[in-house]
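One chain, subunit A, links the two complexes that follow: it is found with subunit B in the first and with subunit C in the second.
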Partner chain A sequence: MVGLLLASAIGTSALAADKRPPLPTYMQAYTPTTVDERGIWMEADEDERRLRESRSVIRDTALNAYVRGVLCRTVGDDRCKSVRIYIDEIPAFNATMSPNGTLTVWSGLLLRVRNEAELGSILGHEFGHFELRHSLMDFKNRRGGSDLMAWASILVRNSGDIRYNTIGGFYAFDRAQEREADMMGFQYLTRSRYPSSASADVWDHLMGEADATAIGRKGRAQHKYVAGFFASHPTNLARATYLRAASIEAADVKPAVVDTHQAAMAKWLPVFLNDQIKLNDFGGSEYLLANLAEGSGWTTPLLCARGDLYRERGNPRDLVSAAQFYQEAIGKGDAPPEAYRGLGLALLRSQQVAEGQAALATYLRLKPAATDAALIATLIS
Partner chain B sequence: MSKKLALLAAVATLACAAPVAAGNKLIPAGQRIAVAKSAMTVQPGAEWNKLSERPGRNAETWTQDGDELNDLSFYGGIESGRPLFREVDKKNKPLPKVSATMLITDIPVLLENSYRIARDASSMAIDTIAPIQFAGNKGVRFTYTFSKQNETLQRRGEARGAVIGGKLYLVTYEAPSLYYYDRSVAAARVVADSVRF
Partner chain C sequence: MITLCRATLVALMLAVSAIAPAYAQEKTGLKPGFVLAPGTARIVLMRPSIRVGAQSTGGMYEPNADWTDQAKENIATALAKAQTGLGNSVVGYVEPVGAGSAKVAEYQELFGAVASSVIEYQFFKGNRLPTKKRKDQFEWGLGPDVRTLPGLEAADYALFITTEDHFGSTGRKVLQVFAAMARVPITAGVHKGFAGLVDLRTGELVWLNADMQMGGDVRDAEGADKRVRQLLEGFPGKPVEAPIAAAPAIASAH
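And then the complex of A and B:
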């Protein structure tokens, strides 16, 4: 199978004048062949059954169709069809793809990417893991390594060095796979309608957010180029660097596409923002909001979320800022009743009782059946 | 040889006995007892087990079948600037802190955010909120549901609490929605109803 793939790969590259490395040959309805691969698929099938029943999976048809659309436009229509996509409501940046073609996208990823191209670069990376059958290779590598360590412990006196090197080798192997998948994802992106520079943008923004989180927690912002001994992925800085270099080399100039990311996310943005705000990460969330506002301007959901963020940190100055953000949101005319709730609570906490109570009264008038209506009413009387 | 075996057996017995020696304590029914190292007292209507492991410094947990199956926790006067319970990863995932200026509406938010961070409970939701009298103070009673990340088991909870003198007092009861919640909710409510200072 690998031989066949290799032969076809060489064949196509020799034929085409294209300098880009060829994509692996695609095979429809691939079924696992060896005992190892069948085992891995069986486990992945089991995990997928569990995932399908999970309460945190978002079943909204429109959002799922959007993510599938981006995947199809990135890796091609023939490849994307067999993939099952699950959007999991977890407020962190991640996506995974199992050997059997289950793609899990965390909601935190959808919140962080700013356009279709950035989402496509991550989905392409995950699809690269799947197409290159990385889980199988990794399993074989680890089994080989642990066999070696077991024999070394019996046959070699003081085999500590061998074990140390083998374990280091596991992680180095993982990092090499991640890099390979990064480049695979990049290849899909260069062949798609999306600008390939998006793949490096994602990592730039992630580093920016990590810095903001660290500074917000009075830590030190630092990025290393070289990954640690136990790191499973290359560092964000390394990824941003080699992907940027690749996109400069590719120099693809493509016509601008109509980006549907913001429209597709409109319904879910307040939900995902709420999940993010509740993580007690002021610096990171503030960076994220500013990053989103760069693309769309300070829209009502962004302003309300910023109000919540400041109100929950709750320093006296934060409460003043929070009230301003809510008022700006209300000024836009399409604010939800919760903006009045936030405004009222922020004002109450900064001792502006009359104004606060007035805002809360407006909230109750707009949303009399709110879950917390009775409790809010006690703050007014 | 038999001596060695006897020694092994003794060691094994000791190892097995370790959980018993960990200091979990039976709480008898019908006696008023101070909880969570605070002035808060309660009077249970049924027997409970107090776990030796505390969620935090001013907190304690009671259970009937095990803390994953029914967990009645007391938070007795958490001061301003302290998290609700012990930090799980202070550097990377710090918990939100109690504030003396907290409004009554901030109590459910504090619990929700702490659970979301410490237990990866991204599907946490506050279902109902109502004002109550908590040991004679203006308090809040709320119910919630959550499941931990990568778990399909849904948990249900009910809490009541108040900020008294700038300190947070809270009693929570939670259990899997399936079977266990209903099984001991009545006993938990008896305890929560009996809170006094």
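And then the complex of A and C:
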């Protein structure tokens, strides 16, 4: 009896020690009831119909299963099941959530996160939007604001200030929602097996990439803490700061998990890297490659992509570097035929004709049915 | 910077609150010489796009699921009734499941894009393309591959229908009255729609009817009848119009 009491006392004290705010109550197969919410769900259903048929959606079962697995391990098995996940091949960092639970993950996001925990922090953020029904709140806020502006424009002599403040209010409201979703995602992450510090890491790396892009384009690298008037999200610096503070406060020490991110991405990494290289963002892509190599070392796909990146910039020194990267990739033994094509083209442009033609011949021998075979053949003869 | 923002805001507000109906009219385009004799063609009705909702005081579209459901039902009934007046059999399209569905979705989108191009660049003055100014011409199409859509092998024509309604809310109507007193023109409600007929053998758009101020409340049966009547105005090959259309018989080499 005493033991039981003691146990329950420990239980209560353990509960009291948990200072984390409770998660919202989860309701399975939630169905909207009000006119507004049913309306925006209907629109979202139509949008999802279109998205489902989209050509840019990646339907690879394994990759989809991986993303779903990370979502489930972040927000919990009960919550994640109702979500439909669509991986869209768009080389930029983004994910979106519709009011009806349609989660769209852009391929650029998968390329940038370095482990499951970072991906989980973003998916948790998006799920937070869904769970907190942010689209509905935003719709109502905008309607209220636009009503006010319409009346003000007719009834008030100089309504400029009212309208200015209302429009500013729309964006401030959006930023507040994003921050709320950030903290919601953080709450999921602290309760999951993943370290909560990953949520701030994502933004640190994004800032690093933005700096590299700016420098690469001869711009000025700068980050602001305060968001602009029309900003829909808090600045990356603000997000990194408050999420880092939260993770220091949470101080969660968790056993290391076996991370499957690299394995899950293996098949798609060359595809996503290729999309990234085509963005003509030398600084950002170079940062991204180095960031990925920090986790996995310079693997063959990373070396090939780096070769492509340098070859496309095409300064004489870049062509020499590109050839070296391709040769390193080939030296690893698992290079795709395209590495020989890249090597050949880089060497040809460096006026090393014989070596270049030899590499191109190897490419054609390894991949005779390549779509550009006829064109490459003209470079050899 | 701030003044710039304000100028933008004022421009934005004007755009939102005082859209004068610049092209508030209806228009029909028919491929010259096109004749559809009654009882000769099999027409397939593609999944109509129907959106019904309210318009808030500030002019925002508020989608309404109940009204949309009612409208879908009413318009389907009205179409079934109107079918007898079209002179040819109209059957609903059975959407394929699996590989073909993406292609169908693409063509639905393509039709929407072509139809809005016709409306924007040929039907109404203002933004008309120089090449579309000549009278009696109607040259638009979806490409001949439209016939490869699954389930359309036995069909001759595809009929596409789109309607969109934003019913002015009470707040919007009250605002309209006050605005009229302040001599600011404000519209309440958006009711637009278009219907088009595509020749499945050639992919040509043979007929398109667009109306930016449609009548008929699609939320009830009678209104839907009226809406469908207006959507199908000028539909080629109606029995009543057949004698007139039959005149240029040489042109019907089609």
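Going forward, the second predicted complex is superposed on the first by the 364 of 381 C-alpha atoms of A that agree within 3 Å, B and C clash if a C-alpha of one lies under 4 Å from a C-alpha of the other, contacts with A are read in each partner's own complex, and residues count from 1 in each chain.
What we mean here is this: a residue touches a chain if its C-beta (ideal position, glycine included) is under 8 Å from a C-beta of that chain, and two chains touch if they have at least 3 such contacts.
In this text, all values refer to a predicted model and were calculated from it rather than measured experimentally.
Enquirer: Go through the superposed model and pick first if A:Glu249 touches only subunit B, second if only subunit C, both, or neither.
Expert: Once the two structures are laid over each other on A, A:Glu249 reaches no partner at all.
Enquirer: Answer with first, second, both or neither: which of subunit B and subunit C does A:Tyr164 touch in the superposed model?
Expert: second
Enquirer: Is A:Asp60 touching the first partner subunit B, the second partner subunit C, both, or neither of them?
Expert: In the superposed model, A:Asp60 contacts neither subunit B nor subunit C.
Enquirer: Using the touch definition from the top, say if A:Asp78 reaches subunit B (first), subunit C (second), both or neither.
Expert: A:Asp78 contacts neither subunit B nor subunit C.
Enquirer: What is the contact status of A:Ile376 with respect to subunit B (first) and subunit C (second): first, second, both, or neither?
Expert: So A:Ile376 only meets subunit B here.
Enquirer: Which of the two partners, first being subunit B and second being subunit C, lies in contact with A:Gly39: first, second, both, or neither?
Expert: Second partner only, subunit C.
Enquirer: Check the residue A:Pro91 against both partner chains and state whether it touches subunit B (first), subunit C (second), both, or neither.
Expert: First partner only, subunit B.
Enquirer: According to the stated criteria, A:Asp334 is in contact with first (subunit B), second (subunit C), both, or neither; which is it?
Expert: neither
Enquirer: In the overlay, answer first, second, both or neither for which of subunit B and subunit C A:Glu294 touches.
Expert: Neither partner.
Enquirer: Find the residues of subunit A that appear in the contact set with subunit B and again in the contact set with subunit C.
Expert: 50, 53-55
Enquirer: Provide the residue numbers of subunit A that touch subunit B in the complex, in ascending order.
Expert: On the subunit A side, the touching residues are 50, 53-56, 89-91, 217, 219, 275, 278-280, 312, 314, 345, 348-349, 371-372, 374-379.
Enquirer: Which stretch or stretches of subunit C touch subunit A in the complex?
Expert: Touch residues, subunit C against subunit A: 5-6, 9-10, 12-13, 16-17, 53, 56-60, 62-66, 68, 101-102, 104-106, 109, 171, 175, 178-179, 182, 184.
Enquirer: Once bound in the complex, which stretches of subunit A touch subunit C?
Expert: Answer in residue numbers: 35-36, 38-43, 49-50, 53-55, 142-143, 145-151, 153-155, 160, 163-164, 167, 229.
Enquirer: Can you name the residues of subunit B that touch subunit A in the complex?
Expert: Counting only subunit B, the residues touching subunit A are 91, 93-96, 99, 101, 103-105, 109, 112-113, 116-117, 120, 122-123, 126-131, 138, 140, 147, 149, 152, 154.
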